[in-house]
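First the structure, in the form of structure tokens, and then the observations on it.
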Amino acid sequence: MISNRNQVTEMILAAKVSKGIKWSEVSEKIGLSKEWTTAACLGQMTLDKKQAETVGALFGLPDEAVAWLQIVPYKGSLPTAVPTDPLIYRWYEIVSVYGTTIKELIHEEFGDGIMSAIDFSMDIQRKADPKGDRVNVVLSGKFLPYKTY
Amino acid sequence: MISNRNQVTEMILAAKVSKGIKWSEVSEKIGLSKEWTTAACLGQMTLDKKQAETVGALFGLPDEAVAWLQIVPYKGSLPTAVPTDPLIYRWYEIVSVYGTTIKELIHEEFGDGIMSAIDFSMDIQRKADPKGDRVNVVLSGKFLPYKTY
Amino acid sequence: MISNRNQVTEMILAAKVSKGIKWSEVSEKIGLSKEWTTAACLGQMTLDKKQAETVGALFGLPDEAVAWLQIVPYKGSLPTAVPTDPLIYRWYEIVSVYGTTIKELIHEEFGDGIMSAIDFSMDIQRKADPKGDRVNVVLSGKFLPYKTY
Amino acid sequence: MISNRNQVTEMILAAKVSKGIKWSEVSEKIGLSKEWTTAACLGQMTLDKKQAETVGALFGLPDEAVAWLQIVPYKGSLPTAVPTDPLIYRWYEIVSVYGTTIKELIHEEFGDGIMSAIDFSMDIQRKADPKGDRVNVVLSGKFLPYKTY
Amino acid sequence: MISNRNQVTEMILAAKVSKGIKWSEVSEKIGLSKEWTTAACLGQMTLDKKQAETVGALFGLPDEAVAWLQIVPYKGSLPTAVPTDPLIYRWYEIVSVYGTTIKELIHEEFGDGIMSAIDFSMDIQRKADPKGDRVNVVLSGKFLPYKTY
Amino acid sequence: MISNRNQVTEMILAAKVSKGIKWSEVSEKIGLSKEWTTAACLGQMTLDKKQAETVGALFGLPDEAVAWLQIVPYKGSLPTAVPTDPLIYRWYEIVSVYGTTIKELIHEEFGDGIMSAIDFSMDIQRKADPKGDRVNVVLSGKFLPYKTY
Amino acid sequence: MISNRNQVTEMILAAKVSKGIKWSEVSEKIGLSKEWTTAACLGQMTLDKKQAETVGALFGLPDEAVAWLQIVPYKGSLPTAVPTDPLIYRWYEIVSVYGTTIKELIHEEFGDGIMSAIDFSMDIQRKADPKGDRVNVVLSGKFLPYKTY
Amino acid sequence: MISNRNQVTEMILAAKVSKGIKWSEVSEKIGLSKEWTTAACLGQMTLDKKQAETVGALFGLPDEAVAWLQIVPYKGSLPTAVPTDPLIYRWYEIVSVYGTTIKELIHEEFGDGIMSAIDFSMDIQRKADPKGDRVNVVLSGKFLPYKTY
Amino acid sequence: MISNRNQVTEMILAAKVSKGIKWSEVSEKIGLSKEWTTAACLGQMTLDKKQAETVGALFGLPDEAVAWLQIVPYKGSLPTAVPTDPLIYRWYEIVSVYGTTIKELIHEEFGDGIMSAIDFSMDIQRKADPKGDRVNVVLSGKFLPYKTY
Amino acid sequence: MISNRNQVTEMILAAKVSKGIKWSEVSEKIGLSKEWTTAACLGQMTLDKKQAETVGALFGLPDEAVAWLQIVPYKGSLPTAVPTDPLIYRWYEIVSVYGTTIKELIHEEFGDGIMSAIDFSMDIQRKADPKGDRVNVVLSGKFLPYKTY
């Protein structure tokens, strides 16, 4: 009996390690970006029937798991409010150190509102650099103005 | 008596509102990006003597405040571990929902290590879009591999 | 020196009590709903110049405070993550008890996405009822589907 | 051995996904609103014998589970005090941003007291809108005045 | 400038100590129970005009404070979620140790619902006992059944 | 292997539901109040040999469980510091709203000390009322004065 | 205006440092143990009129402060739930490491109940030891058995 | 497979209840104080080979468990930072109420430093008292002065 | 099915105890420092194929576990934000007491930036001392200056 | 009136910035290490009379502040349990990632016990390195074995 999406994510992770599958391969099979695809496999996005079947075939999942991939998951991928993992913490730190800066600059440009985390995309790339390669990330979110009523 | 950087940040914010100064103007005067400049004025970065005097003149700060701008601050700009402000929360949400995805993809490309939040820059731009303009943010951080010893 | 919006909210609350002003009166003067108007006076929304001047005149605020009303505030009106006030707690309880229900039903109708809290309005009304009058609240938020990319 | 309601909720969720049942279908069978019915199936409400048997038959639950559906559950559907799921968080955010506003307006209309979360109903509807369909939610709670004694 | 009820509570406490007033005396002057009266003076209840003026006269409060006593306060009298004061902690402990017992017994008698904390009264009395006097507290709250809809 | 009292409580709850036993019946069999008896079955009190055997027979518990009922348990019945269940929360709210009031009135009557939660009893009764029946609870705790030394 | 006991504690601490008073001297003047006396001066115990006047004279406190010393304080002397100060943390650590041991041994000797922290005394002494002097602390608390009813 | 000390502690507790063993008996067999022995059995101390074998024989533990008893455990015996169990809470309360007092008096006698919780012993005894027997606890910890360098 | 690194760490710890393996032996086999090797076995570092196979052979791990050792783990080895184990707590205390000192002195020497915890090594040694042997730890981290842009 | 050490620390920090004093200069004047001296000035250590007067003269402190420097402070230099400042966080991260490793290795070498944070010294040095200078920190703490009794 599978009663939540976490169980499916654990199946995917176990199969990924034992079969040596890469996220970029999954992404290619699905035909979507590696960012969306990985998030989906990690239990954060909802797949349509065809995507779910592709993922199911790739990782050798049972039908019940394939059905769960098509259900909207309870989102949030971290075990604690402040993440302990150093790579993820650096992102938390960026929000902590630059949070008020980001707020000020978006408001200066757009006025009151937010940058959407739903109508949103992310692209992570390696950028070669003689002083040490860099991680380049582009975040794109629709600006949503606060409604006056 | 000024005994911490917060007091200087409050002076800057008070002066900014009453004088109607824009961050982009400060940035131009300093000759650095608006992102670094704003973070510095909000108490997250250290200014050199010339930068501090420019900021001091612009906002009408006393000498003591100008001296404090040149001291490395205790960083972290948010009053709570999980931010309540909707704009900043969306960034926290991105870390929460995409945290494990970002981790997987950086490791898949670079191996074990982190994306630096210190050798780091950020660029926030408006991107026109007929369906609603977007906030485009480019984050660039040096990849630092875990050392084996 | 006013260095944050809270100070302006406190001025408004102090004046409201000593002058006996009602939120509905402020709302009428501003020409917007009592919900948006009250939230704005309580430091959660940004006023335009004319609205800020109207509010300033009504509550007898200094020019500096009127300037602050036009600055996007750091939002979040509660002192603790779980509110202690019984009226506000009941709303937290609705989210706690019905949270997964709301999630299931919106997803069943719309698929994956959220109900916006930005492109959002709220209307609070008394509904007469022989068994005891009721508070009727209509919340309206645009559905935003998760983007696939 | 079933020793708490959570185990029953997990059985229902597992069966819902594998059988492809919709909450609206359950609601029709039970003859009550989809909001109350879903909350009940998710472990937040108490069913009477007939309702429990209907739910048991629909989801193929064992007798022990049907008995548990008739026991008042320990309520609260969220794993953390501040929810991580974006859809549910938006509701938490509404309480955080509008909490003091809701309090002020209910007190202005009714005096001291609360809006009941027990003598309470909720109705969630899609509202077509050319700019993007909206989620319309009507909350109705009896006003309960604070007793003086 | 008085901008919240806490300031009024502090004035009352300061005056109570320096003037040596007893809660029972205030209660007699107000003509209500000592429990409601004390809670009101400690910032948890709303007074009507006459009650507020009586309290104001007794404690020598300024007019602005008397006005604030007539405003519905933000309730919750404790500085931390788990109280440190031993007397108040014992009550928290009763909820912690007996919480599920109280829940079971009220549901066994009344079915699903709650004991109201709004349509509620409390009476605290000394009960003489040769083995040591006892504190006897009677709590009375209306039972509110969960609504089915 | 039973290694803590929680496992016994779960056995009791499972048996209670499947056998349809009432707490009042257990209380009668034990010959003590329904409040103490229920708390004991829910893992908060220690039973003597005869009481444990009676409970064991009633719920069909194995000998090992009967032995555990006679061991002093680690007390505290709630999964979180602030309870999410609405019925239990109302009691937490009473402590939060009336905590300082209770403290003031007990001290006014008795001086410095506490109301014992150990030399303590509780009685929960239905009180008929034409405006809606009420839950009446009598708490009785010995007053313990702070020792001076 | 003095509105809480903390203000009095701060006055005492300020005077203690500037006048170079020792707790043992205060204890002698009061005629009670240094443990009770210190706790009282630090805002945890209630003094009678004579004791309060003695303390007031010793530290040069105003009449209002002397009155506050006779009011039962809101107890709890630490700024955080887990103390950061190393000396006090060691005591927290003793509770953390030995907590279940203390519980087991008191129950083995006395049955179910607690060691009172109210009918309680403490004695702290230096014990000479060639390997390094030791702090010897004797805690004495009345055993209070859980009441059966 | 035993992968942590907790599993061994659970085996000991289960055996203790089913076999009716007393801590004082274990202590006698080990030849050390009942305090150290109990703490060791509860997973807080490290046993040597002979002690571990004695404990293993007494409680009927497998060899793997006997090996784990000789491994230094991850210490801390409480499930929450603030303990819910009333007996253990009273000790937490002593630290909370008397924490600053203990600090002041040890510093007044010894200067800056701490009372060790490592070079530490504890002795718990019943002390007969006509007004009710008392729990007498002697704590002895070496004073460790802060090093200047 | 192994679905996370923790399961592998538990296998290693179980095997270590039952086989009596020492970290220094593992370190020798791997050919790296005992600090890095232990951290890797405890689930904090990523092993290459050869290292993983060596560890697998030593502890008798299944192939799936050996595969997991080569996957970058979710880091963070402690169950709570403030560690309860006394040895680890002392390190937390050093950060708490000396945190601001370390910050001041690194900034005085190097300017704004951090000491890397990634390009980092640690060496733990026993240092004989007639007054009691000491633990000597050398931490070495690359200084990373904050980037100006 | 100075009522706690924090006020003295703030005076020192304010004077340090306005006078441009370096910690190394203070250290030289005091004749102790820069680590101990800085910690003392930041409110974590106790100065003797001569040291306090030297610090007082250097920073221009009033007599009352000089007296406070000689009082043992309530230690702990960080505003939150998990530090937000990136430099200090890296140290917290070392404890989080390497905590169990440090524990294992010290126990493997010394048996059960701790590394003292009291009989402790720290030395922070710049170590030139062609790939980027490093921060080298030597921590030295006496090993304290757990006492058996």
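Observations on the model:
Going in written order, the chains are labelled A, B, C, D, E, F, G, H, I and J, and every chain counts its residues from 1.
Definition applied: contacts are C-beta pairs under 8 Å (C-beta built on N, C-alpha and C of every residue); 3 or more make two chains touch, one makes a residue touch a chain.
This structure is a prediction, so every number in the text was calculated from the model and none was measured.
Between the contact lists of chain B and chain E, the overlap consists of C, D. Between C-F and H-J, more contacting C-beta pairs join the chains of H-J. Between the CA-based centres of chain A and chain F the separation comes to 46 Å, rounded to the whole angstrom. Averaging Cα coordinates per chain places chain B and chain D 41 Å apart. Centre-to-centre, using mean CA coordinates, chain B is 31 Å away from chain I.
Annotation for chain H: residues touching 2 or more other chains are 35, 74-76, 78, 81-82, 84-86, 93, 96-97, 100, 103, 107, 113-114, 116-118, 120, 144. Residues of chain I that touch chain J in their complex: 22-24, 34-35, 38-39, 42, 44, 75-78, 81-83, 85-88, 90-110, 113-117, 119-120, 122, 124, 126-127, 129, 131-144. By the touch criterion given at the top, residues 10-11, 13-14, 17-18, 20, 80, 82, 84-86 of chain C touch chain E in their complex. Within the complex formed with chain H, the chain J residues making contact are 32-33, 35-36, 45-46, 72, 74, 100, 103, 107, 111-114, 116, 118-121, 144-149. Touching chain A in their complex are the following residues of chain I: 1-4, 64, 67-68, 71, 74-76, 78, 81, 117-118.
Residues of chain F touching chain C in their complex: 82, 84, 86, 89, 93, 96-97.
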